[in-house]
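Structures given as structure tokens follow.
Next come two complexes built around chain A: one with chain B, the other with chain C.
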Partner chain A sequence: MSEPRRVVRGLTLPLAIALASVMAAPRVSTAQSTAQYRARLIAALRDRHALRDSLDALHAHRIAEVPPDSMSSGRLHVRYSKATLGPSLDATLRGAVRQAAGDVDAEFGDAQIGDSGAVLVVSRVNWGMFTALGFDAVLVELSGGRGRMSPVRSPITERKLADALVDMIGTLATDGVPANVSRWAGYHTPARPLTHDDWEAAALDLATSNSSVARTCYSGSVAGCESALGLTTVRDSLSEWYTPEGWRALVASWNVQPGDPALAAAHAECVDKKVMATCERLARSRPVPVPLDMATRSTLFNLAIARGGRSAYAKLRSAHGTPLEVLSAVAGIAPDALVDDWRTHTLASVPHGVRPGAAEATVLLAWTALFGFAATRRRS
Partner chain B sequence: MTVTPMRWASACVLACLVLGVLLLPPDPSPDQFAEWSPRWTAHEQTLTKQLNARQIHSRMLATAYQAASDADVARRVAAQLASASARNGPSIWFDSDVPASARSRVSQLIAAEQTSRGSWRGKSPVGVLVFTDTAATLAGARLPWGFNGPLIASTTMLRATPGADGRCVAVVRIGRRVLRGEDSIPSDRHLLDGCAFYDAFGSPGAQIRAWMDSSTAGFGRDLSFAPPDSATVKQSRWGFYDFWYSDWRFARCAGNDLPECSALLRMPTVSWQWRWANDLSVPVPAEPQAYNYPTPGFNATLLDAMVREIGPERFERVWQSPKSIDSAYFDVTGESLASWVHRRAVTLDGPYHIGPLPTTTTAILTIVTIACALALSARFARRPVSA
Partner chain C sequence: MFAQVLYTQWKWARTELVLYVLAAFLIPTIIIRTGFSYVITYDIHSALGVSTLAGVCLAALAMLCAFGLAWRPYILDAGLKHVGPLSLPVSWGAFVRMRFLAGATLLLIPAAAVWFGGVLAAASVTIPPTLHAYPGGLAIRFYLASLVAYAAAFALQYVAGKHAVRVAVIVLVVVAVAEIAAQMIGFSSIVAGAWNMLTNWPGPFAVFAARWMLIDV
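And then the complex of A and B:
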């Protein structure tokens, strides 16, 4: 090989690498005008939407690959690929669907969940940031591009899968909750049976509230309960829901930024020196919270659903009026009766203090006797 | 067989290979049971990554566009802002869609912020631009959730150059929750942002202004005359908004490496988007980043801490000095600025020791351990048997 050719061949690779580096290097942009930024932003947003559409289309393709009639039980239709799940998960899923179908019927009754029932897609995925370190999980998602997915992680049991399926259907059942009811509940209308823990939390909220109407509710006033639950119209929420001592409690719960000496001083004046005029001024500067919290309000919602029986969700979709009127229509009883029922349930769930039983008393006495005896022996 | 180094190394490599083959999990993608549909999955993952990158790019462009647009508005309404006198308080310009209730609340909060500083106000003209933050589309393109972010209010400031009179301009964006009446701007929110320094102490000296510009005003974004650092002040001032554990420069400053303390003040304070995103196609905006919450962190409250420590009178002399911030601070206090920054770092995060730290106890323990090992060896080691 001639010398010039050897030189050219020797330089080709370094030059190619250098050229590729220059071309691939990120281009550092310089400051631009508002119009240029605007044009680039609009282009980027459109590009993003196109990508989003492609991703949605791809997802639809994936869904289309799964057999449409994999398994049905009642109004529950599940689509999945047997080959993907494998025989063990297939058996677990079959058991879960049977359980879930029963739960759905008991919990949602005649609720409309999709045009011809709920269609869920179940797939097996590798869950985790790194594939090698990930673990198997089952993904449950609502068909029809509703976007909600719920992973069931290992160990995958029938109960866990059934709960995930029922939870998904709850999304469909509470779809038609009237907007004012949803707003009243703090956008929290969980479609599931209440547990003892839910009631106990509500009872604690009621018993420890610093609101005067919550206290009247506790001592027996149904009207007080309706007000404390935020179900009645109030003209001045601060004075109607809270007494001056409650204003102070509200202000005391603030985390005041020390960067504002005027506010810090006023806060101290209210909390430490108990100047009620200052407490009122401060309390009015922020939204006044509904006395009973969001989780407590959801117990009333779920109680109305439980009282309403099989037609509760159907009635919920068609009901009109204030949140209390809607819940009363769903439960099929008068508003005051529903709230009274809620109060009875809540008070029944107040946790009792620890009372020593016969065993504890015996152990106590035994220890006392033992130490007494030992002390006597020592003295002698 | 003699174990030579080469044989030992070969055995190690071989053992590692055996362990690798036996213990490492197989690549799950070829396994038909591990993935739902591998050919779609790979494509979907690629698209998702592209979408995420495009999302970050769009957010950075939106931030840069908003900063440039704010500066444009400030220039457009400069004459209107200039018509008010500094003595009468900041001149406030409201965008046409800001409702009356929000206008009243903003005016009330700004007046209260000024009043809380007593006579320290009205030293330099300040303007405030108030917008709503509810845009859902831009030229028909839908803005994704998170673009019109603050639910309550966000604040930022523009560099003091847009208007003819060089006034500092604060920008307030009112969020959806306030506009819907579901929330109100809390009374402890300082809406003047860093412009409060201009209002309280006038225009800064030339070199200090240049330093503020070069750091996008990142060291002075809030002003209060609260007492010097108490435990609660420390708690509220200290945050990871502009600092994280891997900030070696801060750690060295806390360890009394004073040149690093000086260097800390020369670092550009870049907003989180530019700090985390690997996207150089959108330049860092010249305007400071917006804060949705009261300004936290070491950087953003540095000048505020200085005011509280040396007092407003002496701080005013530092602020208005024609010298650099280091020289001005030294002239007024007799202490080097680096030393003060070091003290500030220690106040917030405790002292730091650079390098290893053997204490007397650990040294004694080490010597005792070595002595014990030697004694045990001498006592119990087997002696070589002589032939």
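And then the complex of A and C:
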């Protein structure tokens, strides 16, 4: 290789690194005025509306494009193109619709799902990075321009397709959740039944919360649980939910950007020097988080639905009052009894997994014996 | 004869066993003490984060102990073309069984160090009110995890013989190529499925994916 070419090759990598570091360097931010901020917000809102309108139009166009082949089972109606799906997927879809209809009846009972049942559109698409190599996938979407769709990837089975259909129906079933309940739940009201993992996550949230009311809930206070779940009215959430050490823990959890030296200094004063007045000032400068997170709050919602039986979703639509009153009406038991039930369920799910159980130990010893046996089978 | 095999293995492995014991004793002690000195009493997530870090280090140590104790005897035997084992008045299978049991017995030593280190570490810090220390549970988990990893490594070594490393590398390469190909054409992850089978109950390595927490809820 000639000398100039070697020099050029030698310089390429350092130059590329230098260029990348210059381009990736943090930019100095400038404060914007209220007028600028307002103008930007209005522009963003206008963009949002335009985007939503175009999405709705696109979705309506997609729905209109689907040929009118259909199949129904119970309150479930599916529109699809028989020719596009092909005989194999068509048979899978038929099985899935039958399964899903049974699941919908079991899970959502008397819930009102659309005006005359749910209409879902199922279409076949190519899925993958390269069209030529892409695999088949099936898209399940709600009709009526709602915009929600869920892909089912290969291998497409009846169970996977049925789960996607039931998931879509869940969106319709929770349509009638009263606004205050939805707001309380952090707009997270999943319709699917709770799993052990959901309960375990709730138990961990309860056991690891920085809040003093969450600790009283853990120790047995139902009133503490109601407060920690954000179900009671509080005058001063910071002092009622958290102790001064909790304020410090809240502030310590912030990710302070280096571009704000005043905030960084105050943060250090609170966390490192333990100046509680600074901790309180900082903690009050941001919304105080409800002690238990929205996934934990949704477990109470799902528990109420499960306790309410077939008529739970119907009662949810007609119930009035505070979120706790609504959930209590849905479950058909007293508010304190519902929360106490939730606490019992949650504490029973606290993972005590550090010491392996008898079954786990037995299985591990069996694997060990199997590997050991395999090792003796070959003569060196 | 088992006592003789155990003694030989102890002689070969005692230096590394001392290192494992030191690590098993010091990991929980140093990480928990240092970590908790920065933790706010009610910042339980940070406390659990410190405990998780100690657990990850102990899981890695369990794997290291397992592989070290599984491979060293074979490599030393292979260096002498297995003359010693083959001259013994027992079958190859019986000899391998004794080798296996001797290694499994030696793994009890670092596990005991994990328990002792855990007890000291837990006693030296203030644990938040909703948390508890589990030194015994952690030591049992450490032993079982190192035992199953030891058995897997031992089986690979004694089945594949001198080609063990080559077999392991070929398996890794095949899996990586299959995964990249599957991802490129949009298929569900193959590795994720196999990984889940191995690391989820009742897979052999589920013990490594469990909670390795000296201090936990």
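The definition used in the following text is that the second predicted complex is superposed on the first by the 281 of 380 C-alpha atoms of A that agree within 3 Å, B and C clash if a C-alpha of one lies under 4 Å from a C-alpha of the other, contacts with A are read in each partner's own complex, and residues count from 1 in each chain.
Rule of thumb we're sticking to: contacts are C-beta pairs under 8 Å (C-beta built on N, C-alpha and C of every residue); 3 or more make two chains touch, one makes a residue touch a chain.
These numbers were taken from a predicted model, which means no experiment stands behind them.
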Mind working out whether A:A375 is in touch with chain B, chain C, both or neither, as first, second, both or neither? second
First (chain B), second (chain C), both or neither: which does A:S123 touch? first
May I ask you to decide whether A:A264 touches chain B, chain C, both, or neither, giving the answer as first, second, both or neither? first
First, second, both or neither for A:S54, with chain B first and chain C second: first
Now for A:S253: first (chain B), second (chain C), both, or neither, which partner does it touch? second
So in the superposed three-chain picture, is A:G86 touching just chain B, just chain C, both, or none of them (first/second/both/neither)? first
First (chain B), second (chain C), both or neither: which does A:A334 touch? neither
Contacts for A:L364 in the overlay, against chain B (first) and chain C (second): which applies, first, second, both or neither? second
Where chain B and chain C land on the same part of chain A: residues 134
Over in the complex, which chain A residues touch chain B? Could you list them? 26-34, 37-38, 40-42, 44-49, 51-52, 54-55, 58-59, 61-62, 65, 81, 83-86, 123-126, 131-132, 134, 136, 256-264, 282, 285-287
Interface with chain A, chain B side, in the complex: residues 24-25, 27-29, 32-37, 40, 43-44, 47-48, 50-51, 54-55, 57-58, 61-62, 64-65, 68-69, 71-72, 112, 115-116, 138-139, 141-144, 182-184, 186-188, 190, 222, 224-227, 230, 232-233, 236, 279-283, 286, 294, 304
So, in the complex, the side of chain A touching chain C is made of residues 127-130, 133-135, 137, 153-155, 203-204, 207-210, 215, 218, 243, 245-246, 248-249, 252-253, 271, 350-351, 353-356, 360-361, 363-365, 367-372, 374-380
Chain C to chain A touching residues, read off their complex: 40-46, 48, 77-78, 82, 85, 92-93, 96-97, 100, 104, 129-131, 134, 136-138, 140-141, 144-145, 147-148, 150-152, 154-155, 157-159, 161, 183-188, 201-202, 204, 206-207, 210-214, 216-217
